[in-house]
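Letters A, B and C mark the chains in the order given here, with residues in each chain numbered from 1 onward.
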Amino acid sequence: MSDFDPKTARAQVAIAGARGVTAGVLSDQPRKDVVRNGLFGSLLFLGIMIALAGLALLVGDNLIKGWPRLNMDLLTNGTSSLPANAGLHSAIIGTLWIMAFVILFIVPLGVGSAVFLEEFTGKESRFARAVEVNVQNLAAVPSIIYGLLGLAFIARGPLSLGFTVITASITLALLVLPVVILVSREAIRAVPPSIREGSMALGATRLQTVRRQILPAAIPGIATGIILAISRAIGETAPLIPLGAATFVTYDPSGPMSGFTAMPLVIFNWVKQPQEEFQVLAAAGIVVLLAVLIAMNSFAIWLRNRYEQRW
Amino acid sequence: MSELTEERFRERAEAPGNDAGDGTSAAAGGSISVQPDEFHHARDIGELEKVFELESLSVSYAGVPAVKEVSMDIYKNEVTALIGPSGCGKSTLIRCLNRMNDLVPTAEVTGRLLYHGEDLYGPKVDPVQVRKLIGMVFQKPNPFPKSIYENVAFGPRILGMKGDMDEIVEKALRGAALWDEVKDRLDSNAFGMSGGQQQRLCIARCIAVEPDVILMDEPCSALDPISTGKIEDLMMELKREFSIVIVTHNMQQAARVSDRTAFLMVELDATEQNRWGRIVEYDATEKIFTNPGDPRTEDYVSGKVG
Amino acid sequence: MQASDIAASGPAAMKPRLEAASPRYGEKITIALLAACAAISVITTTAIVISLLVPSVEFFGDVPIKDFLFGTDWGPTFTPPTFGVLPIVVGTLSITLWSLVFAIPIGIASALYLSEYASRRVRRIVKPVLEVLAGVPTVAFGFFALVFITPQIQKFWPGFLGDEPGIFSALAGGLAIGLLIVPIIATVSEDAMSAVPNGLREGAYALGATKSKVAARVVLPAALSGVVAGIILAASRAIGETMVVLLAAGNTPNLTLNPTEPIQAMTAFIATTATGDIATGSITYKTVFAVAMLLFVMTLLMNVLSIRIVRRYREVYE
C-alpha cells in the first residue's frame, strides 16, 4: 500500500489535493478552520442520518399502519377477496415451497461454480474468464428481465413447466446465483494458500484438498452468501409478475408442479386494491416480510463478522 | 556428483571419525562462531545411496529464469542444506523436488531430476504420488484450522493408511517430539499452540504419512531461538529414518545440522534486468565452512557479503 | 574407509512407484461436474439474450427501428398502436435522475463519514444497518413511496414551485429509489476510500490539515473513480427497478423530466403488460421484449463501465 506509483493520474490528483491542503493550512486562520471542520463533519453526519432515518421511517410507518392487523390471523388466514378474511397463509406456504427448491438449485450450482473458478482453472483459462464476465453482468441484469426469461424459457418455450412453483424457483435461483457465486469465491479466496500447500504437500489431490480443507474453512463465508441470496429471493416481486402473478391463487401450493403464490406477490396485490383495509393488510404483511428478511440478513452479517478475522 | 574431486575424497578418508557427534576433529577454524567439532562429518559418498540426482536443472516462472543449471546429488539419511542470499532460488529449487512448483501455472522446469533413479518429471509420473513420498515443511507454520489430532490424522486418512489411527497419531507426535506437550489436549485447536509447537505439528503431520524424504523450506525462520533449537535437535533424530533437504538463510544452522551444503548465488544478466540463482559450490558441510573451494563461498560464509 | 551404520542398512535401492495408484476417474468426473455448474452462468446469459433477441427481431420486422427509438408517442396497446419508445425511456431516465439527485450526496456523505469520521464502534453498528437497508424488499419501498413519501411531499409542497404532485409522480418514485440505492453508493465508495493509502492522509495531517480538508481534498479525489463506479452501479440499479415505479410513479407515458408529473418507466410497462396471460407471438408480447432488450443493453453498458472503473482503481492501489 505504501509504495504507490506517483506517476498515475490518481496519485497526481491526490498529490494536488495534498498540495492544496498545505497551501490552505499555511494561509488560513485557525479559527475559521475549526468552524469549517465542525460544519463539514456535521454535514456528513446529517447525510448518514437521513439514510438511517429513511429506514427507520419505512419500518415505523408500516408498523403503525399495519398494527391493527398484526396478529396470528394474518398468518393463518388464506387468500380472500374480502379484506377481513385475507391473510398470508397460502403466501407463506408458497414462499416456503419456492425457497426449498431455490436452495436445492443454488447451493450445488453456486458453490460448484465458485470452487471450479477458484480451484480448477488458471488465470489464463478462457472459459473461466467467460464465466467470470457472465457472472458479473448477470448480477446487474434487472430482475424483471429474469421474469421475462422465466416466461419465455421456463414457463413456456423450451422447458414449458407452466406457471408453477418450480418455474418460480428456477427463475429466482438464476436471479440470485451470481450473489452466491461471488460471495463463495470471496470466501474460498480468503482461505490462505498455505493451507492448500500444506494439504497438497501431504499427497492430497486437489479435490481432496478442496473437500477436506478449503470448503470446511470457507463454510461461514459461503453460508453468508447463501443466506443473503435466499433473503433476496424471498423479497423479490418483479420477476414473478410475468410468471402469472395476476393469477388469484386461493389454495395452498402443495408441491413443485402446483400453482404458486408468494409473500411479496400477495402484498403487491393488496397494495393495488382500492379498499383502505387492504392498505392496512399490506403494511402488516410488509412488517412480517421485513422481520423475516432483517432476521436473515442480520444472521448472515453476524456470521460473516464472527468468522472474518480468522487467519 | 558434480564438484567432488578425487583429491577431496582422499582428504575425507584421512579425517578421523565419520560419525555425527565426533568431537576429536581439528580442522582449521572458520571465521564464524561454529566450532569445527560441531560438524557432522559427511560420510563417504561411495557408500551412499542417492535419493536425488539433479542434472543441469533450471526453473523459470513465466519465461523468467529463477534457477539455472543446478547439478548435485542428494544422499539418503543425510541432511542436505541449501544456503545463499535471498533471491538465489533456494526455495524454488526445493519446491522442484516434490513438484510443488506444479501449483504455479507459469513454472517451467528443464533439465533432469532423478529420484531413486527415476525421472521425477517423467510423463507418467503423478505429482500427487510424488508428494506422498516426499513431504514438505514450510517457512511459516501452516497447521490446518482443526484439532491437533485431526491435523496429524488428515494425511493418513486421505492416503487410506491402514492401522489404528490413534497409534499413528501418537507415533507421529512422538516422532516430532511433541507428544508429551500435547497428549492431554489432542482435541484442542492447533491455532492455540505456540509457533514452535505449530511447526513441530507440521513436522508430525508430515512424518505421519511415512514419507521417504522431508523437504524443509526455512522451517525456523518464523521461530524463536528455543523453538529453533528443538527443531534442530529433531532433525538429528529424523535423519535416521528420513532423508532431509533444508533451505536456510541461517549459516550457523546449516553448519550445525547438515552433512552436506550447497551454496547458491544470485547472478545478473548483462542488462541487470534479470536475476537468477546458480550453484557455486556443493560439498561436505565441514569443507564448505572451513575450507571452501570457491572464494565466493568463503566471502559468504565468513559474512563478507550476503 | 569405515562402514557407516545407517547408510549401509539400506543399499538395496528402493524403486519408488511414481505413477498414480488409480486413474482417479471419480475425481475427473467431479471436476467435469463443477465445470458444468460454472457453465450455467454462460447458459443463463445466452438464454436471456436469445429470449430477448428473437421476439425483438420479429418486432423490428413489424415496426421500423427508427420509429421505435425516436418516436415520441407510446401506446402499443391502443388502437391504433403507436410504438415511439422515447416517453418511457425518458420516464426511466427521469426517475433515475431524481433518485441520483437524492442518493449521491447522501451516499457520498455516508461513505466519507464512515471511512474518515466514524469511530470503530459506530462503524460496526452503522455498516450492517446500511446493509439491512439494502436488503429491504422493493415492494416495501414502493408501498412506502405511495403511502408515506407522496403524502409528505403534498403536505410540505412549497407553492412557488408550481402545482403540487398528484398521487403518482416521478419525484416520489425517485426519492424511494434514491433511498434504495444509497447503500450501493455508500458501500462501493467506502471500499474505495478505505483503499486510499494511509500515507496520503498522514502526509496531509502532518502538515496540519484538518479532518475535513483531508476528507474533502485528499481522500475524496483519490477515491473518485470508486465513487463514480458506485454511482454508475446505483444508476443501473435505478434504471432496472420495477416495483417502486410500478406502485408510485404511475403508468402514464409522459415525455417530461418534470418530477411532479406521473410517468411510465420501461420496467413498469413490462410489468403491467407482461402478465401471465399475455399471448406469445402477439405484437404486444414482442413489444415487451423489444423494450426489455433496450433495458438490458442500457444496464449492461453501465455495468461494464463500472466494472472497468473499479478494476482501474484496484490496479492503482493493490
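We adopt the following convention: contacts are C-beta pairs under 8 Å (C-beta built on N, C-alpha and C of every residue); 3 or more make two chains touch, one makes a residue touch a chain.
Quantities reported herein were computed from a predicted structural model and do not represent experimental measurements.
Note: the chain lying farthest from subunit C is B, by mean C-alpha position.
Contact tally for A-B versus A-C: the pair with more C-beta pairs in contact is A-C.
In this assembly, the C-alpha centroid of subunit B lies 53 Å from the C-alpha centroid of subunit C. The mean-CA centres of subunit A and subunit B are about 50 angstrom from one another, to the nearest whole unit.
A straight line joining the Cα centres of subunit A and subunit C is 12 Å long. Shared contact sites, meaning residues of subunit A that touch two or more other chains, fall at 205. Chain contacts: subunit B has residues 128-129, 133 touching two or more partner chains. Contact with two or more other chains is made by no residue of subunit C. Those residues of subunit C that touch subunit A in the complex are listed here as 24, 27, 30-31, 33-42, 44-45, 47-48, 51-52, 55, 105-110, 112-114, 116-117, 124, 126, 128-133, 135-144, 146-148, 179, 182-183, 186, 196-200, 203-204, 207-218, 221-222, 224-225, 233, 236-237, 239-243, 246-247, 267, 270-271, 274-278, 280, 288-289, 292, 295-296, 299-300, 302-304, 307, 313, 316-317.
Per the touch definition, subunit A reaches subunit B in the complex via residues 122-124, 192, 194-205, 208, 212-213, 216-217, 310. Within the complex, the subunit A residues that touch subunit C are 1-2, 4-5, 8, 10-11, 13-14, 16-18, 20-22, 24-25, 33-34, 36-37, 39-41, 43-48, 50-52, 54-55, 57-58, 61-62, 65, 108-110, 112-113, 115-117, 120, 127-128, 130-131, 134-149, 151-153, 155-157, 163, 174, 177-178, 181, 205-207, 228, 231-232, 234-238, 241-247, 264, 267-268, 271-272, 279, 282-283, 286, 289-290, 293-294, 297-298, 301, 305. Listed in rising order, the residues of subunit B touching subunit A in the complex are 98, 100, 103, 105, 128-129, 131-133, 135-136, 138, 140, 142-145, 154-155, 158-159, 202, 205-206, 209. Here subunit B touches subunit C in the complex through residues 13, 18-19, 43-44, 46-49, 75-77, 115-118, 120, 122, 124-126, 128-130, 133, 212, 240, going by the rule given at the top.
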